[in-house]
Amino acid sequence: MSQVTRPSARSVTALRTISFTRHYTKHAEGSVLVQFGDTKLICTASIEEKVPGFLKGRGQGWLTAEYGMLPRSTHTRMDREAAKGKQSGRTQEIQRLIGRSLRAAFDLEAFGERTLHLDCDVIQADGGTRTAAISGAMVAAYDAFSKLLEKGVISAIPVKHFVAAISVGVYQGVPVLDLDYLEDSNCDTDMNVVMNEQGHFIEVQGTAEGAAFDRKVLNDLLDLADAGIRDIIAKQKQALEI
Amino acid sequence: MSQVTRPSARSVTALRTISFTRHYTKHAEGSVLVQFGDTKLICTASIEEKVPGFLKGRGQGWLTAEYGMLPRSTHTRMDREAAKGKQSGRTQEIQRLIGRSLRAAFDLEAFGERTLHLDCDVIQADGGTRTAAISGAMVAAYDAFSKLLEKGVISAIPVKHFVAAISVGVYQGVPVLDLDYLEDSNCDTDMNVVMNEQGHFIEVQGTAEGAAFDRKVLNDLLDLADAGIRDIIAKQKQALEI
Amino acid sequence: MSQVTRPSARSVTALRTISFTRHYTKHAEGSVLVQFGDTKLICTASIEEKVPGFLKGRGQGWLTAEYGMLPRSTHTRMDREAAKGKQSGRTQEIQRLIGRSLRAAFDLEAFGERTLHLDCDVIQADGGTRTAAISGAMVAAYDAFSKLLEKGVISAIPVKHFVAAISVGVYQGVPVLDLDYLEDSNCDTDMNVVMNEQGHFIEVQGTAEGAAFDRKVLNDLLDLADAGIRDIIAKQKQALEI
Amino acid sequence: MSQVTRPSARSVTALRTISFTRHYTKHAEGSVLVQFGDTKLICTASIEEKVPGFLKGRGQGWLTAEYGMLPRSTHTRMDREAAKGKQSGRTQEIQRLIGRSLRAAFDLEAFGERTLHLDCDVIQADGGTRTAAISGAMVAAYDAFSKLLEKGVISAIPVKHFVAAISVGVYQGVPVLDLDYLEDSNCDTDMNVVMNEQGHFIEVQGTAEGAAFDRKVLNDLLDLADAGIRDIIAKQKQALEI
Amino acid sequence: MSQVTRPSARSVTALRTISFTRHYTKHAEGSVLVQFGDTKLICTASIEEKVPGFLKGRGQGWLTAEYGMLPRSTHTRMDREAAKGKQSGRTQEIQRLIGRSLRAAFDLEAFGERTLHLDCDVIQADGGTRTAAISGAMVAAYDAFSKLLEKGVISAIPVKHFVAAISVGVYQGVPVLDLDYLEDSNCDTDMNVVMNEQGHFIEVQGTAEGAAFDRKVLNDLLDLADAGIRDIIAKQKQALEI
Amino acid sequence: MSQVTRPSARSVTALRTISFTRHYTKHAEGSVLVQFGDTKLICTASIEEKVPGFLKGRGQGWLTAEYGMLPRSTHTRMDREAAKGKQSGRTQEIQRLIGRSLRAAFDLEAFGERTLHLDCDVIQADGGTRTAAISGAMVAAYDAFSKLLEKGVISAIPVKHFVAAISVGVYQGVPVLDLDYLEDSNCDTDMNVVMNEQGHFIEVQGTAEGAAFDRKVLNDLLDLADAGIRDIIAKQKQALEI
């Protein structure tokens, strides 16, 4: 793989420092501060003892996700979505992605008529908030299910496969892993990849910001993502001590 | 590639009958009825002689897209978004995708301080509405620019590369091209691919609906999409007589 | 009746070419493309197996209507109501009118606890969209009930009287029938009339756009409307082959 | 005209007691309490020293109207529209009607770049609120223009023709004038008529609530309305001492 | 207490002329026109035979309040909240205050599963609308409960203690009672006080508009409010003839 | 002052552990994590180089505040206001209070045509979030102005007086300082007090939750608040090293 000097001075294959701080706030069943370098989110997992109407009486659970950014988590202050009275298309797109990704991680039929609400709130943004959200929500959700297990409400944590996500992109013509804000703002192609611990894809979303990209680049990006996600899943498990 | 009996009785590599009917309505600068089998949309392209505030004074143009479905374009009647007072997350996601895809097709700097509004409205849905929308909007946009050219307002149609889109998916374990509704409802993996006439990617969005998918499947799907998109672009040009 | 040269070159008593294309889309129980000259709408009739809360348990049905315009159905692109987050006063007024008119055509007590949803969407506007909507919705509704009859769910089509509607107005001092956009934009008085096949009024809505109008003019306008509506009802029945 | 015993014990041609109390509140340029029997509204006319964007720089004025009901102006408490976050279709329809009617009364070109805002708020409802609103707004608007005249801002009150409105309907088969709530709830046909002092129509809105109505009934209703409106205009002028 | 010449020419301890006109409109169970000088509101109390979801099945009642201003109740016309599609923060703050104050006046457990809706609508504003609303709503609520008592639905009026409210403020350095608009617009400190007939506080809301205020001023203001509220409660009882 | 055993085991006059962590996030001009025991908020202060329309051209600044809670900052998950599409009355009330309080702390005329946006977001709630928000926003705002001073944009920090806020209440009949959630949920009277460093009041908001309170209790509560606020202001200055 060819080289480039990234603004972050990282090698093209290097992740930022990633950490998961569990039990970050006290009320939620699962609560994690996830950091991907300077990108910081609070991911909470809340168990509600009911399911949406369309699932009532089927004996299975549901999992849903919401995403938000504090108005000054960004370089320039953004308007508060609650004050504007609507969530942007970007916000809705991201929370739908988080929901789909985490529904792939857990067996919804195995935790009864309950809803797991995942809330991913960006405290400080520096690129890659959606992939950090997915990776952090995995840990928060696991913790929430652990609590149900402890209480004897369920007999096993209904995890199918751990999932994590990372962004990759083409910076100055070179595929690089885990874009920070500066790199993201100047890259040609941006791809978010969600994979599980088997190395299979849950979601691949690649967008040509500038020039369209070819199959070779796509493959290089997926190789980078694959390696990065394996590392993140290892860190998730380490944080969870499993 | 292994075989499967599709509900549509098509071979795994076969597109549905695709057609572009130009000048479908009379007011819009570009107006196309696009049909992918039983999926039918009206795509109109409207030229407005101004740009959004953030572009004012820069001498360049803008392109934006909106998407909607008639309430009974679907099997079961959907609520009308105008009556509900908001567009769903899905709608917003799709119109953002159409906008990004078409912005990759045209040179925004080459048509002056104008906005091209693309409206893609589903008259009848049978799977693949977003990819039909992108493919049809390409033709409508081209027609709208042709009108500007005829009037002598621009000196060339500001097209960079034709773009088209298609969906691919894994039906009963087998990668297939151009899913109709019945196939889409029962597939494991659903991928929407937008490419240009050079065979490069504008957008790749793959989602594991059921089981996660591996690299081999991803590659098979992309091969199918590549071939399908080449066919669609040929049909676009044929419709435009270029 | 005095003469005037209409922009449409029609005689003052002439309707535009009117047609009803049934089975226009495939999912709805009734689906009609109605054309009044260059004015084109898709009218669908959808049967839902429940009634609104205020009618529950009374054993009777309900009928309701919605109306919309594609953004570029008009000369200049209009903002999409779903994107603006609300329906205009005009839209609401029209859909209330369509609903009242069609409720007068059918016996709501005779089709069980079902709701008939009428959706009238303007594909191309050239004046008279609301009267075309009413006339087309009549045919779509009839078709939807025919389907219920075929299935043996009801024992007769619950029609009381066919209804149709037409606009009349005073163009350059002369009462004329069935205004197109150019005539409508320049007329002094605009009246929409809804009548049934007995020649009785369901709705009369006359508005002085410029000068107020006297009783003589009102009577002339109603005479024109009466004749026009008889013709339209004949065409509805011809289309329905009854 | 045949007879019937009305709930109100009035003859079929009798108006309710109608009164206009001017200067009802102190801030508005024109402020009138209008009473049609037990129906009571406050109509205020406010002058704003600017026009909407679409009229800027044309040297002419604008007139617009809004309508509301206090939540407990009615038999059963209605939800407050401000709390629900939207005005009903009925409210919008009525305020559009009031606006059109009053724009026919005044010469918009003769009072400079100003907007006259009419606010008609129902304090107590007993049928006929929209026609009372139009009739009361006429007096309030006249008063507001009188104030501009007193100040020397305009040289004459820009009135073209006084306008007033009344409802008529078919109660137990008999056309009657000025329906109160009890009569309105039980009538077959309901018609609102707006006329000017020349006896010409500004607006005719007739609706068959139950059975459709024929030309004879329509004519009887218009005769009743004509006589009633003449009386109301006389009372308006008496109240204004002109 | 030092002296000052108030715009209203009242002594610092003088209330405006206060009156409660009962049975002001005919539909509501309680309906009061309350006047504090030129400030005039209609307060209605409506009984609904059900409680909000969170109280269902507990056998107790609920009381809630809404507040609004007619657009031209003020010096300059305000936008209509129903047309803007949302209630301002000020409106919501006031209606929450009215609700809390009146819930302190009545025993919610003693009138069954019913909701008392209080609607306070400002007809003419001249300062102190929220305190007039609370004082008037007390009388309207009492009347509504009297009606339930008359019907034998309850065995006693569930009043705990009469409540009333008044504003006090520092005008030109001097604490004064019952600010009118002119005084309110020019005062340094504005305090709204709600007390019951025992002289105890239900609510104290003091705000430094300009300079912060000290304990001495706070005490002087509370003394003024205490005396004023005793007078208002006497007037409430006199109006109710109890 | 009589004694009581508080759930928190604190003496009636004891504050919780209070801390201000500056530079908590990296983008905002001022960013503070404020903790009042288990209540934690991020307060950011953002400078925008313009003022709202109503202040344009006057050469003075503006200060405004917004408040939010993360959905799972509370014991039970709350709905996300951005998803519901509106801020609750409580939220609006609190952000209006924060804005008023901080506008009393700074000289708005002394920092040019700039807006200071304060965002107070609750990460973890345990009672007293609004008073913690005011106290933390004071520190964040000071830091933001320090940055303007460093840049030479202003010549002095435009502080008039430091402000801080605390809640007091009557728990089991005894006035206590700084209520946590458990105490707040079970107290009779709840009062929020905002004072400046001179010991003067900016805002006093006392509410009888259960029984009304008398003057003696009011005075005891104010004494407690006075002492608490002096301590908090000392901590603010210590954190700011001034």
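Brief remarks on what is shown
Here the chain labels run A, B, C, D, E and F in written order, and each chain numbers its own residues starting at 1.
Throughout what follows, a residue touches a chain if its C-beta (ideal position, glycine included) is under 8 Å from a C-beta of that chain, and two chains touch if they have at least 3 such contacts.
By chain, UniProt protein names: A, B, C, D, E, F = Ribonuclease PH.
Quick caveat: nothing in here was measured; it's all calculated off a predicted structure.
Chains that count as touching both chain A (Ribonuclease PH) and chain E (Ribonuclease PH), per the definition above, are F. Between A-F and the choices C-D, A-B or D-E, the pair with more than half the same contact pairs by residue number is D-E. Ranking every chain by how far its Cα centroid lies from the centroid of chain A (Ribonuclease PH), the top place goes to D. For the pair chain D (Ribonuclease PH) and chain F (Ribonuclease PH), the distance between C-alpha centroids works out to 51 Å. Centre-to-centre spacing of chain B (Ribonuclease PH) and chain E (Ribonuclease PH) amounts to 59 Å, using the average Cα coordinate of each chain.
Taking each chain's centre as the mean of its C-alpha atoms, chain E (Ribonuclease PH) lies 28 Å from chain F (Ribonuclease PH).
For chain E (Ribonuclease PH), residues touching at least two other chains, in rising order: 85-86.
Order of chains round the ring, counted from chain D (Ribonuclease PH) and going first to chain E (Ribonuclease PH): D, E, F, A, B, C. Residues 86, 89-90, 92-93, 95-96, 100, 104, 161, 191, 195-196, 198-208, 211-215, 218, 222 of chain C (Ribonuclease PH) touch chain D (Ribonuclease PH) in their complex. Those residues of chain F (Ribonuclease PH) that touch chain A (Ribonuclease PH) in the complex are listed here as 25-28, 31, 38, 40, 42, 44, 46, 48, 66, 68, 70-75, 77, 80-83, 85-87, 91, 117, 119, 121, 123-125.
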